[in-house]
Amino acid sequence: MSKVVAILTGGGDCPGLNAVIRGVVRSAVLQKGWRILGIEDGFDGLVDGPRYRELDLASVRGILPRGGTILGTSNRGNPFQYPREIDGKMALVDVSDEVLRNFRQMGADVLIAVGGDGTLKIARRLNDLGLPVVGVPKTIDNDLRGTDVTFGYNTAVGIVTEALDRLHSTAESHSRVMVVEVMGRDAGWIALESGIAGSADVILIPEIPFDIEKVCLAIRRRNESGSRFSIVVVAEGAFPAGGGKVTQLRAEQNLGVERLGGIGHFVASEIGACLPMETRVVVLGHVQRGGTPSPFDRILSSRFGVKAVELIDREQYGMMVALKGRSVVAVDIASAVGSLNLVDPEGDLLKTAEALGIMMGR
Amino acid sequence: MSKVVAILTGGGDCPGLNAVIRGVVRSAVLQKGWRILGIEDGFDGLVDGPRYRELDLASVRGILPRGGTILGTSNRGNPFQYPREIDGKMALVDVSDEVLRNFRQMGADVLIAVGGDGTLKIARRLNDLGLPVVGVPKTIDNDLRGTDVTFGYNTAVGIVTEALDRLHSTAESHSRVMVVEVMGRDAGWIALESGIAGSADVILIPEIPFDIEKVCLAIRRRNESGSRFSIVVVAEGAFPAGGGKVTQLRAEQNLGVERLGGIGHFVASEIGACLPMETRVVVLGHVQRGGTPSPFDRILSSRFGVKAVELIDREQYGMMVALKGRSVVAVDIASAVGSLNLVDPEGDLLKTAEALGIMMGR
Amino acid sequence: MSKVVAILTGGGDCPGLNAVIRGVVRSAVLQKGWRILGIEDGFDGLVDGPRYRELDLASVRGILPRGGTILGTSNRGNPFQYPREIDGKMALVDVSDEVLRNFRQMGADVLIAVGGDGTLKIARRLNDLGLPVVGVPKTIDNDLRGTDVTFGYNTAVGIVTEALDRLHSTAESHSRVMVVEVMGRDAGWIALESGIAGSADVILIPEIPFDIEKVCLAIRRRNESGSRFSIVVVAEGAFPAGGGKVTQLRAEQNLGVERLGGIGHFVASEIGACLPMETRVVVLGHVQRGGTPSPFDRILSSRFGVKAVELIDREQYGMMVALKGRSVVAVDIASAVGSLNLVDPEGDLLKTAEALGIMMGR
Amino acid sequence: MSKVVAILTGGGDCPGLNAVIRGVVRSAVLQKGWRILGIEDGFDGLVDGPRYRELDLASVRGILPRGGTILGTSNRGNPFQYPREIDGKMALVDVSDEVLRNFRQMGADVLIAVGGDGTLKIARRLNDLGLPVVGVPKTIDNDLRGTDVTFGYNTAVGIVTEALDRLHSTAESHSRVMVVEVMGRDAGWIALESGIAGSADVILIPEIPFDIEKVCLAIRRRNESGSRFSIVVVAEGAFPAGGGKVTQLRAEQNLGVERLGGIGHFVASEIGACLPMETRVVVLGHVQRGGTPSPFDRILSSRFGVKAVELIDREQYGMMVALKGRSVVAVDIASAVGSLNLVDPEGDLLKTAEALGIMMGR
């Protein structure tokens, strides 16, 4: 039975979004003969307007290797808490009825929502309200439950690893401590995997509050063994055990971590205080989440897109596509949201890092 | 209990070999305090000599991102069929007793054999003869059973995808058919995954004998729909259904496929014969198996190295490390050798390719 | 005074073509307010049709980093020798009057012809016939006179160097001679520069007929000094001094070099005959001329495009933009065509290669 | 006549240093039969010790593609103002006599000093004191006079351009202003060239004090024309015309620019204040100066190394190698130091940027 499928992309940029869109469009058009409507700027485009355009084969030509999303995205657009001006003041209001009305007006049968924890939570609530939804999980940080891995993450690890490769030579030539702050607010996956791949000496992740004195000790021992430089990878969400100094620092200066220049600067300044070595900080920032997806992410995204169409064909709504082992499967959206996929401090990967001699902050 | 561990790398080059060696040395030295002996040039170094050197932390410094193997490798060296000159003639003889003797002379307790199907088969027989062995699977083609994936494969897919990205612009500017021959003598994994990632229009793999007329038809239809160029990815082991023309061609000219310039040239010439389009062939060759490993392969190789040391610690000999889902586990070497991990013509990944509109030769 | 500028791209693919088009369109539109007409498929689009489309700012958005040419190209289209069916037979006829008529019909004032030796020769003749032309030189091989360097060449050197980096590890692990055939039919620039950058041991270029025995001797000496592998870079136009064996081989087998699999295969087979080493051949082919341009080429192409508009503003027709030192200047098209920019066998760069210990075939 | 040549690398890290060392060693050993002594950690190694080691062919094997310097470097080590503890206090003293004594003790005839403005100034003074010196210019920023370009610069432009490519997709998906701070304390070369190559919308360089209101106006106009995002590249040494706000800000908060998080953060906060757009800052930092050199830099560095040996052979001391057009020549060190090679605000390259529609802050 022919269907009209709407698709939107929500949340932060992530390499592979266009590949998902392309996978949906190509398989829906070529295999099913369905129509696809691309909603612009995430849920914003469902609230105002609706704003959307038809996506045919020509619309998705050449987009597989391109970063970003041809549909645009929005971080703000939670229709259950949407910013509206009421009586001259901004308030957060529930506009989900407008979303449902606009969706029906578009003539769409089902919505594919590509996004992270926030987007999927909204998708799930809309599904409960009677708007059939299929989810596609997305998070650069790899912290979503319900899937082994999400697209974009492999690309991010690649970008960070390449930066670590470059920083190695400088650190070594100058006998420096190089502190590299990478993404990962809640989960340390990017720091851990790129740290292993990029031959880091110390990796600090949110899951293991770090002991800065032990960090300094590890670097000192490295120096004594003849390696006069060290690479320290710090996830942006890492924090010191006890948190004493940072807390104190913030209080004294009335500054948030952001104001301090991030945890990377804190770690560098602490190391500089306990060791007679030059330290330098690099904050990789948004470079980590843009640009052409890695082959792994292009394939995973394409598979996710094709699988989403298959779920719609079977009317498995409220479900989300996910990678399990080597297969792409369907899981309940509910199983993916709410809690996070964190690094297990006693798990296989972390033990491997420590067996390789990487200091994990403890 | 302290151990002396010998390690060798066998078979063709594969990005990640050095990372395995480094993983073994670092975890064995730092965690166990063991000695590691690096055997040179694969099994050759166990037959002649023995030729080996001690590997300490300094020996493996900086090798994580480097392609190749610091130990060298050998394709010839099967000790059960070793080339020896006897009475002025070359013969293949069983020199496994020399291997056992040399191994004992080195004072080693256990051998880590890093290699593909051939190397692992030898390793298994040596293990049966009383030389304790732990295997680490390696194949650029990803055709080994017993593990979800092998290191080097992800790097190869990356190199081919990058080449496909480059070839796209040329094919498009010139309205050409570009035939790209990639590695994969028995299994089409590299062709399939890089073809999906690199937006190929046709992918021909050994698992699906191709129908050249259907291939031409697919390209003609593409032209008619306005896409005036096509990218055809051919695994080196792909062959036509029936094999009629190739067989005939070979007979007429008394030429092997090698002499014809490989299957890529055959496919290009067949397409050139049935369609009024310029065709060009690119044979990527050895570029696919050298150079710096991708982050994914660096991590997988490091994990394999660490796990091999763990197996030795538990004296789980005759076993091989393997990736299953997200975990690195131990499997019997026997389960990995003998038959190959081929692409399932009715499997998930292949169906995804066809859903995306890729013509798979059938 | 407002102008209407037509632009076409001719000859083989070359990274930077889109950047030239973009440079022309942006500076012409933003600075001069002119109209730009993009002719499709090189001179073909001026003969048949004319086929062209208006290029505005939106048409060139996002094309700077993309390989290929949004206008398409044609290798066939020499309007002075254009293939036409006459009395049922194909003949090459002069259709330049049609070109002039079509050009006038488009309402264009001047033509920017982006291309190599062939395209620029045609452009020059059309200019002599009264069609005002400005040339932009293009050749991946860097063999055009009149400019220090052409765009696309830096990208090609980068691609070859990356391949040489990858091949090094494999050659070294296997103690092999790796022969890499690269572009350069008449000039050895790509072979020479990428050979220096990629640490080749032997470089064979068209400008220096090579002595295969000396090549073998150099590789033998390398082996004796402990380097058990060698990288040989061969320009596709390189040939042996005297040419004896190749000529003889061709005669015996009635085969052209093409049939032999190119000069790379010849060199590998000769080395394999004189040394007891495994040899392997890699023919990089079209990978060298596609894909995203290097930053150097993006800048040079953009400068060329902007300069072409400036020449038109000054009505300096019959001229070509060119790089001289750090400046982009105008030179007579006549000075660029007819003879080639070859590597000077006694020049600075070649002497550097030999000082580094690279064997140049002599 | 046989010579003993000492070589040191000074100043910040720069891709190509190892290629220079290799070029010197290979040409000196292979062509001249000279001995080469590698001084460790820049001038520090000539003051304390001397610390040095012999460099033979084996020492430089495989280092061509590697970042950093195998000799180490030092930023501190100006022998004319060397930090020494005198009577329990640190003082800067002239230890040049120790340098001369140590140099003689090494038995060296001549010194090759590879470094930037600081290193070359020292080299020149030592040459005047009777220690024969040949200079090799190095600066990632390309701000050295006397040579068309220095090695490392092309690599840096490549790294920044790749980052800009990645940031484009994110900026576009989110309708953001992305401010990218790049190296260039005094000269805007990196910002200008990578900005052109990476399709920046605004480029701010030290040579043109910027008018933030005009910057905001340019971005607003871009928005109005339908491009909802902008990329702003800022050299770290850029500053606002008048400097009013920055100066005021620093005074109020008693903060240096460093403390403010650099000029990038200032520009982003100013844009955020005048436009209703999200802004993000990326500070690329040390990633720009490490890692494998580009092919261009590998070739230039190799040529510089070979040329330095040639100058020594001719006893042209007090001279520095330099690139002029396509030739590597010798110039007086004096001509290179003291004043800087800045971007000409009315020059060819800058006019090209503006013709392309790039806003240059004025």
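By letter and in written order, the chains are A, B, C and D; residue numbering begins at 1 in each of them.
Here is the rule we use: a contact is a pair of C-beta atoms (placed from the backbone, for glycine too) under 8 Å apart; a residue touches a chain by one contact, two chains touch by 3 or more.
Since this is a predicted model, take the numbers as computed values, not measurements.
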item	value
Most widely separated chain from chain A, with each centre as the mean of CA atoms	C
Chain A and chain C, separation of their C-alpha mean positions in angstrom	42
Inter-centroid spacing, chain D versus chain A (mean Cα positions, whole Å)	34
Separation of chain C from chain D, taking each centre as the mean of its C-alpha atoms, in whole Å	32
Junction residues of chain B, two or more chains touched	165
Arrangement of touching chains [line / ring / star / complete / other]	ring
Sites on chain C touched by chain D in the complex	23, 26-27, 30-31, 57, 61, 64-65, 148, 154, 157-158, 161, 165, 193-194, 196-199, 225, 227, 294-296, 298-299, 302-303, 306-307, 309-310, 324-328, 348-349, 351-352, 355-357
Chain D residues within the chain A interface of the complex	9, 12-13, 15, 17, 66-69, 72-73, 75, 159, 162-163, 165-175, 178, 261, 280-287, 289-292
